[in-house]
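In the part that follows, the structures are each spelled out as structure tokens.
Both complexes below contain chain A, partnered by chain B and then by chain C.
This part shows the complex of A and B:
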């Protein structure tokens, strides 16, 4: 193997900036920047948490669903009479029944209304809901399902994403209806003659000319398979009609506001006739975005006029929502040691229904060439229907799949050129203010510091420990970025009572990521009250304002800004009172330690209680502030993908690993792992570190063994007995995270977000380290021991062949 | 994921349990820890109107030893075997194999009998019991018979149990004087997973001179196998070429099923690697060398 020489100095300008920021955080703030305990820690540790599954209502019905055994088929007959006759069965519902409900749209979906609440005429994936039963208990409902008779006429299934795009392939959706949720999808009329439901294009410079003039051209195809989110709590929804016959829904969803809009569209009801409430989630990871069980459960509640609850089993979870399988073809030109062009052809397997696929192909697709300097870029991203369970958002929103491709190839190129992989990345990494492939200048872009910190942590410039026996050691690094979803909106209301206690009304969902703690820290800081004085009112569309989504690492920035601005309004009202009393300029007042006082002279001021009394002359009064954080983007040119502002900000990520490959078994043992991410200001440093590690663990499993294995459209490992996720025994020996803090000028206290950053660069870093260890390049995920061993065996055979001939 | 209505029968004696099995035939099934059976019934892959619970029968969960060896009752939990000082002292590889099953929640509930009778091709304990020459005591109203474990497994999920028969006890004879045993479990996906394969080895002697070698493997055929023909190693020095010869012997006798944890090709490769590793580990471990 070629020896790599290291020429870079790790003390780049990025580190200086990091230091400066740390000083600023610590010096100025009393709650923000401190690793306070989670708001929900005590509740969760003592089992006091409310989940949808804990809510019982009298007369509540339970749901079971009969699902398609075929990947693609015509439904020719459904006989539900025997099921309906079973004692205790309240309703047996088919797609035709839903379609017959007056004023009801039987189809839903965030991008296209292509997904039936229950299959109508046709099924398009194994596990698709066909008949639903609501009964007095779950067992009865399942018993009833066994009495339903369905006849199918199988149709040829479309199972491979590259086959699906061929003109001769059967078409899953001859007609498509845009959902109207996203302005730039409104014009999309694709799909009629093909399975491509969305095509993203980016064109910058002249790639063909660059390929013609290149010293070397690299072509590689990378694959990553569909996979599962595996939140500890499976999907669950409870719906009932309240005393004013309004639809009430308790649901484990990451999108309460969206669910309300979707139910209003499906059932043709005014938004205020629908109330969505969300207690704590047992994890989401993107699985619980947009409408899932809510349309079906609501339909059943409307029909039975009884409370109805549906809790998915783990097995049903597997056929409900998945991570996109991706085939990415990359072609890269190099001239004079620098990358001059990259062409990316990326096929996204979105399964039987588009779900949020088109958004992923657009919002993540534009980063397919990487955060590197290259004058010519060409990207084609195809969102493709196949007869598999629908694919949707998954922690990282598609970006891990494209980084898997481009940062594996970065290493391939660096090695081929004899360049050091770290130096090669740093040399190409975009600098502050430089234009991304979309033409958008990057801002608050801690990519270089992230790469440098990762390299430094792994000891890149020092020799690695020697391999011994059958074990070969290697080190690898990878970097990449994700852009935050833009535009989006977060609204918040903050109320303060005369005793200084505060309520935050926000539709941000707490799913384990620590959003409640973040909001409380920001508001406590802004109003100068103690962290414990702040209470979070959980999402309830009757009282908490609109929020686009709890996803995409966006809540700290968007909701953080909204709650901060709302709190600032209260602060300025109080400051006005104090200023009038003390005859000082309100601008000179600060809120700290539950008092409002003149900056620098704490004795000149009032307690919050005194200020309230001064303003209202009465006890028990409240002040309310409301604010909306709305980010905007300049729509991309549909032909070239160019936009002066395609995103509000970026999440730079780097991972460095040292591992050992057992050359006899192919097994990988990760010895050191550093997850590095630029969070902007860390509102809660401990939480940022944990988010980096948590998302890294998810992708550790996805890199090494997670995969939904299909055979003829049938899922072979659709339960946790066979689908493996990382256990405590799979953790790297040394496992750390490093939070880089390059503040964003308009983030709350400079914060951006960190929920997905640790996930982004894991796979490529591991593959790169494996090549470093044993000299083989894996281009397909997951990197199982068998895959490594078969590469090693193939190489051995090739060498033997070469020697003999 | 619910189980249709069934009746739970609670016999007080083995004989009573057998009678119930005979009476209800295919409509009844024994339930021990329930860890496997309950999952299958919840998935509605299998259904039995009668479940015959073995928990109420006393004297089935013993772990004892005497001059004739070790006796483990079918209802002893896997965790009890794993942590038994008696087992750990006399048959450390057996305690180890039970201790490597799934996870601690499964092992605390699942039983020895449930594991062995389930006859999955990848079970961890059978390879060790095979090299130790264990006997299984099968009880029925007519007779109590003893079957060597190598004759117990017939095929995929198939055992020698006749209608009405219940696995009552496992008997492990004393291991040959001066021999050492080892169990290697190899999981190819998550470290917590079922095995891709398991190799149990017994060696008497050392690297310079092998007095006796036994090998048992799991996950490499439709049933656990005791490797035959290992006499060829007797009185031999353990060299690379001997190891190759043994690996060849193993390769001839196994017929791996391609599954999610490895293709046939991979399992054959791993059989070679882990058989060699097990023998080398035992050979090197010899305190007299």
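This part shows the complex of A and C:
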């Protein structure tokens, strides 16, 4: 076993030796497959890590924003004269002002250009930005907002997703413009005259015939509410014009490349007149995707010609982006103990602006029937506007909402048929090479191993521990899959100096998931250098190549492949030099231990420095490799959702829980929890475990108590005093992860990624365990004690009624 | 109106001009550039802005700077001022008890206060004490383990 030690330097003031922790060793690899320490560990433990909030510039202005008090209204008058006159106020901006800026498109959005930088004429949700002030400090900016006079004429709001689809509902966006930014959204057509901004359809077989011939038909409606990401660092953006009057932006974003494209489109500027830089993020979870504060802050910087920074308060965060609330209606036919058809009608509440809703409804919507064998499938997914804050991506990208529905129903069906829920799932789970509902054969599909490992861990075949008193114990399991966003693109540049030290230029954002460490491990392995010799250059659109997005668990595969291929180019240049010198075949050479040598004969080779000298005659030189990993999909048939290849690969997930329900208080106590996910190869096993467990706890909160509660379009719990997220006390007593490794043939060293896998199956597993414990079926999230008690009371009433009649 | 405020921050006396409405968080960040002190919620509910005031953890977003007059404030910058990491910082690294790292300074200070108060806390006491610090990456299992390892190291004489 190779010993790993890591020396961490602390701000140059001294060096601290950290002892080696337990390693996980993968045969033949010296860095990949080992749980090396995070690249950023010392910076983070000392609090010296760079965040946008630490960047101060002289003359920097601060922003405060006046927001709509109405869910839907016409703006009839804005008078900003008094605010503008206040000493220290540099700019007071309205939507009309933005629209009047020469060459500026005041609307933006990744699917449709439907969201105004500041409201133009109309507001569509409470909390929508209407007037922005840039002033010498935040308090002054807030004072100035008090002096702005606005009059509104309220319009009837559309607040419920099922109401919003009715023809008589007021239409929020009578005209839509497609954004045209992403290839996978090219099919999204604009110009609707209803609140459905995107309708996904999948048709396979003949569901109606299967329903007619079925032994039994199951119909259930499952709901999950809108929720908050709550990255501990709220959104923050700083923009300024540099000495050549280029727009420079520092932003806490997961999409630097996209933000540059979007600002270029909004402000009508060439891409190279815009520079986006991203330091470390204090969490993202999907909240920081696409453009958020950047358009507004850039507009203010252009107008004031001063640096402008806007940091959202937590309360503003709540009305900026949310997780889609979903109503999923499932109808499933069973014949001879097997599922023969499933029809899914899924309504996604995307709020006032589409944001990335259409992509979620498409890319996650096609998995709505589950990863199970069924000859007939019908899916309708509707992305629907309502007068609520916009909904976007949230760790799992909509898949947790559909698994909540289909894997709750899998249990309902298994129980009704008297089948064992694990056996029922395994019997229906797709095998390697079988076609998904889309017609795409599944590959490297560790679903069955995930289910089996989860069942084994929870002791499924053993008898349950007996319940006592008012407390009832139950066990539950759930499984499901997410497909990776396809097509997408990751570019990377790797440079090596003659001393063997390496820089990676990548636009992948480090937000806690360990992407920097993953990239450094892969490149160190490929080039045969030490992990500590690799440095990551953080996203900077002036120097780091295009990357579609840091999200969707895609970076390990896509950016991992890109950095590996870029490093391989350097390796082959070095190998060519060594091969020529030693008169051997370059293919017989390996890079290991900072040397290039003949496989099996380490003495026949050169150090990296010697190879550089042989090539350049100098040690001051660098070698550069560049590569792009681009995955492709075959576009789905718009009417049937069929495609021979709808995705590059899959993320199978399973969760097993044992819990106790207190029938007097309705409290749920999770006793055992196993988060299981197929990572392909685990590049850093410890980080894979952290991803599984972290995403699982977040979804434990979303299952048991998290919910954004709206009344007449007004959020009632929009602060962390009222909106609870899991604390350390919510961690289950026995809480483990199991990393299943089914390597993918084209993943870097077989890796796929695992950032969301632990999130996917939590809710259904818990609901299934609750039914096992107390015999009630909950179909609405969150599963609060009140909800449990009311179900228990309803059941008692029903039983009493049955006895008396 | 600004008035003078004198307090000790990380062992050094600081004399600052502050407004009555300034919070300790604002003063530590804006005047002393102690970037480890971060606002997460502004209402004392997340623990991200935790600092030690006379050894006790407080949410600096809720403490008016005036209230810190004459007090001793410690931030994470003060733990490793000599260039050597505090044993709790070192253990957070070794036990992988950090991911995005935004909540980490607050957690480290809360753990320090916990172990200073109670060198052998029970599991329930650890969970109770740290329940005011939120981590959305949810690395809670790693944090609990870090507390235990740090506790053992401190008992063996590490600082």
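In the analysis below, the second predicted complex is superposed on the first by the 769 of 805 C-alpha atoms of A that agree within 3 Å, B and C clash if a C-alpha of one lies under 4 Å from a C-alpha of the other, contacts with A are read in each partner's own complex, and residues count from 1 in each chain.
We take it that a contact is a pair of C-beta atoms (placed from the backbone, for glycine too) under 8 Å apart; a residue touches a chain by one contact, two chains touch by 3 or more.
Being a predicted model, the structure only gives us computed values, none of them experimental.
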| item | value |
| --- | --- |
| Partner chain in contact with A:101 - chain B first, chain C second, else both or neither | neither |
| First, second, both or neither for A:142, with chain B first and chain C second | first |
| Touched partner set for A:313, first chain B, second chain C, both or neither | both |
| Which superposed partner A:338 touches (first chain B, second chain C, both, neither) | neither |
| First, second, both or neither for A:729, with chain B first and chain C second | both |
| Touched partner set for A:721, first chain B, second chain C, both or neither | both |
| Most chain A residues touched (candidates chain B, chain C) | C |
| Touched partner set for A:285, first chain B, second chain C, both or neither | second |
| First, second, both or neither for A:686, with chain B first and chain C second | second |
| First, second, both or neither for A:789, with chain B first and chain C second | first |
| Residues of chain A that lie at the interface with chain B and also at the interface with chain C | 139, 313, 315, 719, 721, 725-727, 729 |
| Complex contact set, residues of chain A against chain B | 137-139, 142-143, 146, 313, 315, 664-665, 667, 701, 704-705, 709, 716-717, 719, 721-722, 724-727, 729-730, 784-786, 789-790, 793 |
| Contacting residues of chain A [partner chain C, same complex] | 8, 10-11, 13-14, 16, 18-19, 21, 35, 37-38, 40-49, 51, 53-54, 56, 139, 229-234, 280-285, 311, 313-315, 511-514, 686-687, 690, 693-698, 719-721, 725-729, 731, 735 |
| Residue ranges of chain C touching chain A (in the complex, touch as defined) | 21, 29, 33, 35-43, 45-46, 48, 75-77, 79-80, 82-85, 89-90, 92-96, 98-105, 108, 126-128, 130-144 |
| For the chain B and chain A complex, residues of the former touching the latter | 1-5, 39, 43-44, 103, 186, 188-194, 260, 262-263, 265-266, 269-270, 273 |
